[in-house]
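Two complexes follow with subunit A in common, the first pairing it with subunit B and the second with subunit C.
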Partner chain A sequence: MEEIIEILQDLHPDVDFETCDTLIDDKIIDSFDIVTIISEINENFDVVIPAEEIIPENFNSAKALSELVKRLSDE
Partner chain B sequence: MLFTSIEFIAFLALVFLLYYVLPKKCQWPLLLIFSYAFYWIADPRYIIFILVTTVSAYLITLKLAAINTASSEYISAHKELAKEEKKAYKAAMKAKKWRWLLLCLFINIGILAVTKYTNFVIGNINSFLDGESKIKAVDMIIPMGISFYTFQTVGYVIDVYRGKQEVQRNPFKLALFVSFFPQLVQGPISRYGEMSKTLFSEHRFSGKVFSFGMMRILWGYFKKVVIADRLITAVTVLVGDTKLYTGSYVFVAMLFYAFELYCDFTGGIDITIGIGEAMGIRLPENFNLPYFSKNIKEYWNRWHITMGTWFTDYIFYPISVCGPMLKISKWSRKHLGEFIGKRVPVYLSSFAVWFTTGIWHGAAWNFIVWGLMNFVVIMISQELEPLYARFHEKFKVRGRVPYEVFQVIRTVLLMSAIRMFDCYRNVPLTFKMVGTMFTEFNPQIIFDGSLLKLGLGAADYIVLAAGFIIVLGVSLVKLKLVSVREALYERPAILYFGAMALLLVATLLFGAYGVGYDSSQFIYNQF
Partner chain C sequence: MQQTNVMEYLEQTVKRVPDKIAYANESEGLTFAEVYAHSRAIGSCLSGMGICNEPVVVFMKKHPKAIAAFYGCIYGGDYYVPLDEEMPKFRMELIFSNLLPKVVICDQSTVAAAEELAALKDGEKVSILLYDDIIKTEINEAALAGIRDRQLDTDPIYIVFTSGSTGVPKGVVACHRSVIDYIENLSEVLEFNENTVFGNQTPLYFDACLKELYPTLKFGATAYIIPKNLFMFPIKLVEFLNRYKINTVCWVVSALTMISSFKTFDKVKPEYLHTVAFGSEVFPIKQFNIWREALPDAKFTNLYGPTETTGMCCYYKVERKFEPGDVIPIGRPFHNTEILLINDKNERAAAGEAGEICVRGTSLTLGYYHAFEKTSEAFVQNPLNDRYPELIYRTGDIGKLNERGELIFVSRKDYQIKHMGHRIELGEIEANVNLLEGISSACCIYDKEKEKIVLFFTGDMEAKELVALLRDKLPRYMLPNKVEKLERMPLTANGKLDRVYLKNYYNGEK
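Moving on, here comes the complex of A and B:
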């Protein structure tokens, strides 16, 4: 989770990613951010997030994102 | 059959009448019959193309769904499998599905590519050949709305492939989703999951729902016939003579075309959505006040929304996260540094999206350059974002109305200038003509009566000015998140129906009909 928050904070230092759970709904992160996040996750965790997992529920919060990474690395 | 023709109005009246008079279970089959009739009237040969798309999508999605079901049944029946074995099984199943998806893409994108781009390719090859060896252009049928229904159908197939969408086992229901007549002309590009919620259900007549739909249809006609079809006269004259109409004339053409395209496209979509609404069918919104955007990226989130989200979901993301792209990204981080490495996937995928957006709009270089100009501007503004943030911080302009107005005007002007590629249809000529705005100083043409020689008289300009004020007023109300129709409906009925009657009368009286009226085709129909 901490590493994920670091990746996110690199993109938007002014957002509180610990608590925010409307990153997509409130348009805080956009499609460019999502692609950067996915490439960072691939670099740091060696996990590939496929296109079908790019849905608001998986990207709305740092928690959801880290759960997605955990699920994909367990699969 | 144009939306603006008497034939279409009669066709629509018959659809509405039968839709509510016949038993409710006949509603969606009736729409299917009328959708095919609409297509048949346009050109009977078109039916073959839409049938190939429908049948291929139907059969392939059944196959994809069968693989999805079989693989989840296998996984749950074999809990003893090791993680690696499960992974290998899933990969094999995915590869199998991928082959079916490729077949679907090959058929459908293949038809789209051959019908729309054969002559473009021939033209480009010919530019390298001598007189006698030139290849003859092919007389190709381009089925009406092929880009729209192909994208809509392919989106559905990909959703089933991804396991995000239940398969439709009734071929006739799928056929209606592909061919629903109001959106065949110019979209919007619907998603099956959303559209199927209301398309196949039974709808009882409701005065409010029906009149809301009618109000939206009238609003669409007003924008199309009173404003867009009037402006097209002046725009055609202005871009038709590139020797005479330079400098400030180009600026006028730019603004006129921006307003014409807005009224044409949003008007057409209002008619489409309104037809759906009148029958209780919800279609996706395609616009969200695009001319109030503060930058181009925002503009593209608010203009032709269904195309933008389609490109993001089915082109931008898949390209950005595919294996080769992640490898390129890793390689670039290692060899070119973090700064460039991080940007590679975004840049390459965005380039692919904007190239496709350009060529989707038309098989010509002017459209490709138009798409790539958007790409360049978006990327520059993306890179300049930290600089903008510092500027906003230093001068405390964020949220200030005058600065926001400046941002909106800047975006409108920039978008309108880029769109001139669409008008002149020639890349060097467009650069030259837009350049004359800065090299030739003739602003007097705006006031000295020169604009009255463009095929529009003083009365036309009065109608256009009134139209502009009405469109702006409605947009400002919407900006406050108020539904104009709801607001009117809550007031005495005389106001609500009075507004509707006014719209109807204004459209009938002030529509740009003229002698031997033949309304122009919607601009987006050609895409």
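Moving on, here comes the complex of A and C:
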């Protein structure tokens, strides 16, 4: 979770990612951010996020994102 | 008679296919008959107010109605200036003070912001008009006919604002003639027809959307506005294309690579897509080849052109094979446009020599609004012609011809970049940072490989605060992706910002 927040913080230092769960709904992150997040996750966790997991639900909060990474690395 | 007005496209088509959908989003569409009725009502309304040959701001959310509002301005003998709901207020104020508009057309979602903007202006009152109200105006045939009769093909039809290095956006003014020239030649190259179904990605506040807007009128085609957030979710995006049987897209490269880089095609493919145009940015060959493999029968075309010469001015049909490391050429100019490569001595570049890409022809726009000096710096007498007045546009892009005689983009002369399809002057970002209280100096560099705008600054502020403040000043696509505070700003011997040092420093840090 912490590492995920670090990645997000790098993109938007002024957002509180601990609590925010409307990153997509409130247009806080955009398509550029998504691409960056996915490539950072790939580099830092060695996890490839497949296209079918690139959906709003998985990117709305740092928590959802870290759960996704956990699920994918367990697989 | 030769066409002299862009609305003739609509007038021909509405007779043929009045009930066909012209523009639509995921929930609402306008037929050609509706576009015709709405835009002529708006034209009648503007005419009734005595607004003629004026800039009319169209400040609406991205919606088919906004497009009909554009045409309404043209019917009124005015020129439309699209503003975006997501544009920061500060930028809109800059644009307002350049335009001094008398009228703003808005919708329910923007009316409050529009009133706030209008209140800032001293002197003359700004009328705020609601789209849904003014389309009820009774159509004044005589007034519209009179306007048409007086309109010349050199009269302006829109102004779009592009990044300016001093921090103030520049308004590029285009006329009927340059738009008609562009639409005719683009349509021929991309082979649009009445069966074309466009999937629009680009914002309505740039000239990029001309590719969908006017060919739709010309052919009686249909254009779907794709919801912006789908460009984050590749599978949903392709499903959208398939749901609406979209067969033609003219997108920025980053929108296309968003799909290809996540192996989306393993799950779902665009079933109807046969024409893919992309522009103004380098398409990584690896990604391009994924597209071509997924759609072996589709036609792929690279487009190139600055806003100042109306949309695009060069094209390259990608037909031969490209290997990673190759560069897809810009190709050749559209019919009725010439590209001159001019070297440092203001002479034609020799064969294989690099030179500044300069554009000659009808496609040149009229120049920058309320900025004669800026205009005369970029729109200049053709240095190869000492016999009669002839303007060319100096793009600031450096290009050369390859061994096949195809035009290749080499680099920029200045600090203008292309980032996620947007044209940005790094100087504009720096100027806006420098305006903030507590900032001593600011310097931006662009990390091409990772596509990141990196901002270095010194001053009495933390990076976090700076980013928050900058959000109110700059459009989102201009916000730096990385911000770093420095103790001291490195300077060259001449006292200029040392961009080379910062680049090396940044690369070492990575």
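Criterion: the second predicted complex is superposed on the first by the 75 of 75 C-alpha atoms of A that agree within 3 Å, B and C clash if a C-alpha of one lies under 4 Å from a C-alpha of the other, contacts with A are read in each partner's own complex, and residues count from 1 in each chain.
As a working rule, contacts are C-beta pairs under 8 Å (C-beta built on N, C-alpha and C of every residue); 3 or more make two chains touch, one makes a residue touch a chain.
This structure is a prediction, so every number in the text was calculated from the model and none was measured.
Shared-chain residue A:Val35: touches subunit B and subunit C both. In the superposition on chain A, contact of A:Glu75 is made with subunit B only, not with subunit C. Once the two complexes are overlaid on the shared chain, A:Glu43 sits against subunit B while remaining clear of subunit C. Once chain A of one complex is fitted onto chain A of the other, the partner contacts of A:Ala51 extend to both subunit B and subunit C. Within the superposed three-chain model, A:Asp16 lies out of touch with both subunit B and subunit C [touch as defined at top]. When the shared chain is aligned, no partner comes close enough to touch A:Glu6: not subunit B, not subunit C. In the superposition on chain A, A:Phe59 makes contact with subunit C only, not with subunit B. By the touch criterion defined above, A:Asp26 lies against neither subunit B nor subunit C after alignment on the C-alpha atoms of chain A.
The intersection of subunit A residues touching subunit B with those touching subunit C, taken from the two complexes, comprises 30-32, 34-36, 38, 49-52, 54-55. Those residues of subunit A lying in contact with subunit B across their complex are 30-32, 34-36, 38-40, 42-43, 48-52, 54-55, 74-75.
For subunit A in complex with subunit C, the touching residues are 10-14, 24, 27, 29-32, 34-36, 38, 49-52, 54-56, 59. Of all residues in subunit C, those touching subunit A in their complex are 229, 231-236, 254-255, 258, 261-264, 266-267, 420, 451, 463-465, 467-468, 471, 476-477, 481-483.
Within the complex, the subunit B residues that touch subunit A are 83, 86-87, 90, 162-164, 297, 312-313, 316-318, 320-321, 323, 326, 329-330, 333, 342, 345-346, 349-350, 382.
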